[in-house]
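In the two complexes that follow, chain A is the common piece, with chain B as its partner first and chain C second.
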Partner chain A sequence: MAVITISRGAFSLGKIVAEKVAERLHYDVISREILLDASTRFNVPEIKLEKAIHDAPGILERYRHSKQSYVAYIRSALVERIINDNVVYNGLAGHLLIKGLPHVLKVRITANIESRVAIEMERNQIPAQEARILIQEDDKQRLKWTHALYDHDPRDASLYDLCIFIDKLSVDNAVDFICRAAESEAFRATDKNKQKIKDLATACRVKATLVDEFPNIAVTCEYGNVLVYISKDQATGKLIKKLNTIRDNMNDIYHLETHTGVPVPTDAV
Partner chain B sequence: MESLTPDMILVMFMIGLAIFLFIVEWVRVDVVAILMMVTLPLLHLVTPKEAFVGLSSNAVVSIIAVIIIGAGLDRTGMINNLVAPVLRIAGKSSSRIIIAISVTVAVISSFMQNIGAAALFLPAIQRISKIQKIPLSRLLMPIGFSAILGGTITLVGCSPLILLNDLLAPFNLKPFGLFDVTPIGLALVASGIGSFVLLGRFILPQGDDKAAGETDSSLSPEKSEPDTDATELFELKTPDDFMDYRDPVFVEDLRRHYLLNVVAITEPPDYNVISPLPDVEVRSGIDLVVCGHKNDVRRMALNEGMHLKDSLDTYKDSLGAQTVGSVEVVVAPRSPFAGKSLEDINFQDRFRVTPLSVYRHEETYRAKIDDIVLQVGDVVNLHGTWNRLKALHKEGGLLFSLPSDMEEMRPEKALWAGLWLIIALVMIMGFKIQLSVALMTGALGMILSRVLTIDEAYQSVDWRTIFLLAGLIPLGIATEKTGAAAWIAHTILSVIGDVSPIVLLTVIGILSTLFTLVISNVGATVLLVPLVVNMAIAAHTDPRMAALVVGLATSNSFMLPTHQVNALYMGPGHYRTVDFIKAGALVSIIFLIVMIAMIGLVYGV
Partner chain C sequence: MPIIIISSDVRDIEEKIAKEVALMMDYQLLDRRVLPDIEMRHQIDPGKLSESMETTPSVFKKMTSRQWRYYLACIEANVFEALLKDKIVCWGLSAHLFTTNVSHAMKVRILSINNWNSGKNSEQKGGTSQGADKLIAEKVQQRKKWSMTAYNHDETDPSGYDLVINLDQIDPVEAVKTITNAVEYLKFQPMTYSIKCLSDLALAAKVNVRLLKHMVDIKVQARDGSVVVLTKASNRQKRKKIAAIKDLAGSIEGVRYVEVHVKKNILGETAGNSF
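Showing the complex of A and B:
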């Protein structure tokens, strides 16, 4: 079966769609749990992780690289959760955090701005103008975040397999489309796809272990063969020690190699 | 002292710009030189004629001729023929081998480009390392340094010295003769070799005698893993149900999954294919031979249900040492393969040999090697039939350590090549004919006597060096013409006050050494010669000696692997930058001391 990520703007009914899809397909829904997982595994306050995945990096953060570390932790926690398939991820940036996996159905849900404003007004008991400003501010933050970390526009339809605009189409229509797509052959979890997700989990674990001290490294993994892409100035004794520790402690790594000054492949984490 | 004029400021800005671009390397050094060649006349700092005078200068014509003569000597296989008698004299002692090969390389380097001599000798040194079981890391650095030092033996040995007389011409100073620098050059070579013989054990990485030439100081933490040589062959048989209920498995899949290179496979009905392409399917009940670590082979056999044979069986004859083998090849300077990945080159499809690994700067790459963009000095381990390796060798661009009888040479032309070299030298020494004319006669002679064809001669010329030289010459002219050189020289002298000639020459030597480490030796020479000549004149020191110090000290480039020769030998020698700093610092200090002492001794400064 498949892994489904549902990306959406605030109050775009994505959460309801995700829950209904999961109910119909008997999948698990995950969202904020991954922040808790990451917080526990990497000993980082949950609030910092939440800010990291929502707010665009400030000027200082661009130099401190703390956001990269937090995002690497969240990604690692997310991939560990989806490793057994049959999951609907309803949190932020799923389509970017688990890119490169063929059997992940990436869905974007958007709703009419007026209906979004109405939901926000009702939920928070605020006037229309204030609700509109809050929604626009939230959309802006997500746009900046995706730009800063992935150089993408979240509104770009080519990032998704399915984009659904809930206006004339209802939530139930959206659920129908998503379920039919998830059951198609293209999103079947074959042995190859399962191996890919296992490899991605390994790469994410290695990256999460290194990212704090070496923020600009990139990692790939294929069949347990891990490649760490580094720049010339990062080739230090400290990195060798760290890589030795990783290799000794992670059983699913067969081979670990560093590539210096080699162009980083697009599927690297 | 003349006051600072706008033209002087403009020239100094252009010098600063050139140095800046040399250091940051946003564009290649020769492009910087062309930029100078074009910008200086646009700024009216030199006339259009002066801007391009470098292209017809003696220095540029001489260097073209030297390159062609070097290529001619290479074609005859004289270099390889020299190795055997040299080794006989040297015996088995590693010190004697280092001395013998270093002296030979230095002598050859004195008549051809240093990088050319170094590249020519690399395969021979690799063979010596394997035969005599001496780690390559103990041999290459002394020999590489000797190639650089050998460039100081004659006035045509290296670009800065070739350039020297042209740079002295505007000052009406007496030009240097071909062998005027020889005593100093020989002393420098002797001191360099001496340092390695006496102190080699302290300054050179010692490597492992058992695995000569295969020392591994890889950054990749896999030192405990290899239980076998990565070039060992294993034959396996796939089970009869290998293809049942599964996606097709291709040769490429086995490489990506288990880091094993399939070097032979049976294709239906029963063809034994050597070096199969990555898209060949692995079928049921067939034999295949893989190359790699035994651990990985065992893992693959277990996971895929293959039977690992005790030794080569089906392929015992077709993969015999007479037919196939593995070689280490080095990406040569100016190689068409440099800057491209194996995938870009379509390497396996074109040459039908299997790349096993790539070694670069202390790292052995085994995974995803097709994506690695090759650089000069990279060592690629290849496996294939000797015939296909030979065909690849003919393509050029890769320095092979093949059995010597496989190299495509024209030994019957060796006498002609030697004769034309002697004729050129006699014309210079006996008849005092200008360097460029005499050397070009030698080059033409080699073409007429078919040592090499005119096309081969054209192809051998390194246009980067030519434009680097020709493009920087107008910068030297502008520095002198505008009075900027004199102004800088007087300013420096007014700061440091009166100094003795020896101190001044030492300071110039140190300055040139530092410049050559960060910008090219040619750039350092062109910028410094007008400056130091003015300084020497003002300080009442012999200006020719000041220029000579620059010409020699710009070869004092040992501390960093920035010199082309060091960059070329770094990969095969498995050296780290720290190895160059350690050995290079000592050789650089000895170089400066010996150079100043010899100039004092020979020229009585």
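Showing the complex of A and C:
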């Protein structure tokens, strides 16, 4: 069984596709629940999390690093949710938040701007011009957000396993493609893949605990062995104390150590 | 039957997938092996068409912009002619860039750069993975530039395709099955409108080749045998050019009426050059 992330622009029918895929495969669909989870676990208002994952960081936020903290909380909540597999995530940035896991099928649904405008006009009863401006603004925010936090272009096809242009195909055709791919051998949750997701959840938990005070740290985890990558100026007594608390409180950590001044691996969170 | 057009960032993969799909569907393959025939038909030097598909014209290269446009037009016209025959899997000829309006042409992009790069390619060339990354990034940029110059369309933009499959995780066999299944969908079945659209494009391409052999700044549209040619000319040459276009285009089989729209060519006016 697999985990499926469905990325799409606003009004590209991605939500309907996600729901139909989940229905056919008997998977759970998750989207906004992640924000509620993160909000409860990390005691942050949901509206702030929603803004953090939707809007590109402003100039002040880039210095305050609050967006990094919120994204780390959302990521942690998302990974905890997908740990048991059989999930379709159709919220924002799924392909970036849980990248590096082989059994996650990353799908992008694209649609022509004209058909998106038509859907928004009908749904919100607004004129075409207004609908077009809203969609373009939303796309712009997604582009800026992905560039600022992950240095990627969300339209880059190499970020996904499947890109489906929904205009020419129907929703059912897209569902066929996705279900077929999800059921293939490559996306099976093997024991190794399950371990990887557990390790990612541990790394995300550690990162979420530290990110508020140490925004630039990076964390990896392999079979419960956690490595925290820090810069030389971050190696303070405060961090050591915090790491000791983490080591004592998290049962799934076998070993925790810090690496100072070494290059951060690309799969670090 | 539908037409399947395969495009990829890696030529080997493009060929492999196209061949597998053609074999499975019992379709004909249309690829660069047709180029020598086209060269012979249009009396073009051997290898020039292949070169035109890889490079863009520049003042430092031997191929001028005029020649380059003519070579591409020749390829386009012949590809359209072949596509009219149906049951075709086309690859390596950039057909996805000039068949955007043909709804029964299923356009599939296969991505496999990471797979290919991290595996055999970097090892075979004895280089580092970073070096191979750089090489591939340059190649992608080159293709992007080529497609933008030739057809004003970014080849790497996923919205130009019906389906993009990344082979980093998906097995090529699975990708082939996905493509062959998708061909059965109603949306890819030839309809009266899409067949007409393809034959109009084929006629326009045929007229384009004939005109580009003799002149530059030509854009051709065709509909039900009526051809509209957009061009540029100075005031002095306007009448002469219109007559020449009508003469050349009118002699092509299938053309019933030719309409020429001329824009004023300010540069031509001062230089006083020919077509």
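The working rule: the second predicted complex is superposed on the first by the 269 of 269 C-alpha atoms of A that agree within 3 Å, B and C clash if a C-alpha of one lies under 4 Å from a C-alpha of the other, contacts with A are read in each partner's own complex, and residues count from 1 in each chain.
Methods note: a contact is a pair of C-beta atoms (placed from the backbone, for glycine too) under 8 Å apart; a residue touches a chain by one contact, two chains touch by 3 or more.
Since we're looking at a predicted model, the values are computed, not measured.
Bringing the complexes onto one copy of chain A puts chain B beside chain C with no clash.
Residue contacts after overlaying the shared chain place A:Tyr223 against chain B, while chain C stays out of touching range.
In the superposition on chain A, no contact is made by A:Phe42 with either chain B or chain C. For the superposed model, the angle subtended at the Cα centre of chain A by chain B and chain C works out to 100 degrees in steps of 10. When both complexes are overlaid on chain A, the residue A:Glu185 reaches chain C alone and has no touch with chain B. Residue contacts after overlaying the shared chain place A:Ser158 against chain C, while chain B stays out of touching range. In the superposed model, A:Trp145 lies in contact with neither chain B nor chain C.
In the superposition on chain A, A:Tyr73 contacts neither chain B nor chain C.
Shortest separation of chain B and chain C in the overlay equals 11 Å (C-alpha atoms, whole Å).
Once the two complexes are overlaid on chain A, none of the chain A residues touched by chain B in the first is touched by chain C in the second. On chain C, the positions that touch chain A within their shared complex are 103, 109, 111, 113-114, 156-159, 161-166, 168-171, 174, 177-178, 181-182, 185, 187-188. Within the complex, the chain B residues that touch chain A are 219-222, 225, 247, 256-259, 296, 299, 360-368, 371-373.
For chain A in complex with chain C, the residues that touch the partner chain are 102, 105, 108, 110, 112, 155, 157-158, 160-165, 168-170, 173, 176-177, 180-181, 184-187.
Residues 190-192, 222-223, 225, 227, 235, 239-240, 243-244, 247, 254-260, 262-263, 265 of chain A are the ones that touch chain B when the two sit in their complex.
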